[in-house]
Amino acid sequence: MSLANEKLLGKIAMLSCLDDSYVQKIEDLGWRFCKGKVGSMESNKVVAAIETAAKKEGVINGSIYRETHALYHAIMEAIYGVTRGHVQLGTVLRTVGLRFIVVRGNPYDQAEEGDWIAVALYGTIGAPVKGLEHEAVGLGINHI
Amino acid sequence: MSLANEKLLGKIAMLSCLDDSYVQKIEDLGWRFCKGKVGSMESNKVVAAIETAAKKEGVINGSIYRETHALYHAIMEAIYGVTRGHVQLGTVLRTVGLRFIVVRGNPYDQAEEGDWIAVALYGTIGAPVKGLEHEAVGLGINHI
Amino acid sequence: MSLANEKLLGKIAMLSCLDDSYVQKIEDLGWRFCKGKVGSMESNKVVAAIETAAKKEGVINGSIYRETHALYHAIMEAIYGVTRGHVQLGTVLRTVGLRFIVVRGNPYDQAEEGDWIAVALYGTIGAPVKGLEHEAVGLGINHI
Amino acid sequence: MSLANEKLLGKIAMLSCLDDSYVQKIEDLGWRFCKGKVGSMESNKVVAAIETAAKKEGVINGSIYRETHALYHAIMEAIYGVTRGHVQLGTVLRTVGLRFIVVRGNPYDQAEEGDWIAVALYGTIGAPVKGLEHEAVGLGINHI
Amino acid sequence: MSLANEKLLGKIAMLSCLDDSYVQKIEDLGWRFCKGKVGSMESNKVVAAIETAAKKEGVINGSIYRETHALYHAIMEAIYGVTRGHVQLGTVLRTVGLRFIVVRGNPYDQAEEGDWIAVALYGTIGAPVKGLEHEAVGLGINHI
Amino acid sequence: MSLANEKLLGKIAMLSCLDDSYVQKIEDLGWRFCKGKVGSMESNKVVAAIETAAKKEGVINGSIYRETHALYHAIMEAIYGVTRGHVQLGTVLRTVGLRFIVVRGNPYDQAEEGDWIAVALYGTIGAPVKGLEHEAVGLGINHI
């Protein structure tokens, strides 16, 4: 049960979210993933956009609740990184524009650790006015 | 007041924290920065390690409180991303092993936006037992 | 000022919320209480349903603010147990279906401790899709 | 993927934590579980006591990180219910005396939902002086 | 049940904490109160200092738990205002130097609203280095 | 870098918010400020009212993002003091009626500390029914 250096799930997800040239690494590992974009003042729309993409592209099996549950908590943890302190956007007059990636694979040396899921977010957060914003990232990881 | 594509402070800080090959980009921009590592069960040690490095290497001027204040809040926001929900480590039986980078520069097109500071964190969080851990990232950004 | 074993307010409230056969115990003690159900994606609707029931059934006196204040904080504390980390439902794409009970009595040996109020919640929390949910409980206790 | 009425994991865990007569139900279902007590001003001691019991009694396999990870988050969620707002004890001058139970089983109709873990807590929280305390409960549930 | 303009408990407590000349107003109203100072990196020491003063000077009756409970929550709410986001000091490398006042009285027109308690805090928060700090206030109010 | 006794920004802002007679002190110091009132169940409306007033009256320069950013965080910190635990109003069935003041000046002895901004709030928080409310204050301070 130690993280394997060449398959660090979180690092690979975060790098791929920031720089498309890393996506090839995910494909080389044979891991499932999906990418997308979402901009909203409503945090539930961010959650929904990521869940929908992950189900539609088969990263998780939407008919098994444990997979949805694992993804949900990974999304919420990633949003904590973006919002830093309270998972709120419009209710505190903030909006986000985010790129997201969801990656699924086993980052450990041991096969019995099974699959883990990483949700990486990168984009901007700020007032609902163009330019009044700065960057933010988030990463959530969970066993699935 | 819009973010300039070629000098995205947060993205550059996060990438450089994850992959050393990006550090050159910071130097090309002529921005001040420092890098380091810290492992601890005590969150105050994480704060102290980053503050000490940033002051010693001249990223901030330790004799001006507004610079320390700007850095402190950027550190705390980055730690939120790592801890996801409550800024606690040992008190909830967790330990971290983190690489950090502090970068200072103006990511906006307008000179009057002045300097901003980014604190990027990457590493592992988990039980105080080797291997019982997963990856985490955090990014805090503040005007300075 | 010690809790009396045979009149543990929180335990009796929680058990009665989970299993109707315990309600008799509340009646034997001569305590005021009310029960109800509420399902919603809006946390304010959960608060309102419990407040309305407690006032209508005379568990608290709605014309005295200190009683409303005591109940409000007990409800919020119970909702913390259900939501675990941020008192949000629909804004993070979650819905709840809850049974609630509000019980009022003195759980201490000393008469001068006066009345206390317990709000117990039990039900499910999850995605707004049937079956994508797990159980949750909460208990809030306050002096009144 | 719907919760099966006769094997509601959270309800059974919470009831068993409050009233020993319910433990038989867990045994009838053939589920793994462990019970114990912990009193402390240090929240990390509460986490450690539950983790140690669950590993020693085989409720989880301590050599697989995903099982420790699942348990850890279930414990933290249960502690949220007990502490209601910030996962702190001694640092805010509070102490707890808790009974805990960890139960592992599949509460869903579908076999493919696999095992879930529930951590139920019941006891008192208050000032570090006998009698200056009231009751508290917490329940955390996670897929494992 | 409306706040009476000439006996606004919170306003009077906050003003008295900031400016000694207001204390006379509390005495004119015949309300019980106590004042003090506390400086610490440990949040539990802040709680303890206020509780001890309030009990010793008879603002609350320390032998009745409901009074301690009411005071405790008022203190915690005031500390939220000072710490703004997480009730932590030394664990996030911060220290405070605070003046406090605890005032007890009925701010409402109706006698049946009974006594309420206000805890007001004013001082500095910052790094454990002289000068690296800014001001902070907090006010907690509860029925007692 | 030490706070100058005769120009304590936070204290002056808080006192002026509570008692109009202190406003003269701000004018004597030559500091920029604005005052206003806002009542709402929506926390974003509170943020917007303060931001709009501060921009319109020239306390901050709305065309420079770093000034908006500094003000935003000061507002959020002040709202923490008012809401004490989660920055939510209507979503937890609460409403506020607040007076606010925003003051800008240098509270330190050293000119190089530059301008700081204080947001002080005072008013009532409670149920959306007249009288079911108590007082609350908040103070946020940031470098600008």
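Order of writing sets the chain letters: A, B, C, D, E and F. Residues in each chain are counted from 1.
To be clear about the criterion, a contact is a pair of C-beta atoms (placed from the backbone, for glycine too) under 8 Å apart; a residue touches a chain by one contact, two chains touch by 3 or more.
Computed from a predicted model, the values in this text were never measured in an experiment.
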Topological distance between subunit C and subunit E, in contact steps: 1
Both-way neighbours, i.e. chains that touch subunit E and touch subunit A: B, C, D, F
Most distant chain from subunit E, judged by the mean position of its C-alpha atoms: A
Of all other chains, the one whose Cα centre sits farthest from subunit F: D
Between subunit D and its twin subunit E, rotation from the CA superposition, multiple of 5 degrees: 120
For subunit C paired with subunit D, centre-to-centre distance based on mean C-alpha positions, whole Å: 20
Subunit B and subunit E, separation of their C-alpha mean positions in angstrom: 35
Whole-Å gap between the CA centroids of subunit B and subunit F: 28
Cα-centroid distance, subunit D relative to subunit F, in whole angstrom: 42
Overlap residues in subunit C, where contacts from two or more other chains coincide: 1, 65, 69, 76, 85-86, 88, 91, 108, 116, 131-134
Of subunit B, residues touching subunit A in the complex: 1-3, 8-11, 14-15, 18-19, 77, 80-82, 84-85, 107-108, 116, 118, 122, 124, 130-141
Footprint of subunit B on subunit D - complex, ascending: 42-44, 47-48, 51, 65, 68-69, 72, 76, 79, 86-88, 91
Residue ranges of subunit D in contact with subunit A within the complex: 1, 63-66, 69-70, 73, 108, 110, 112-114, 116, 142-143
Residue numbers on subunit F that touch subunit C, as the complex places them: 86, 88, 90-93, 126-127, 131-134
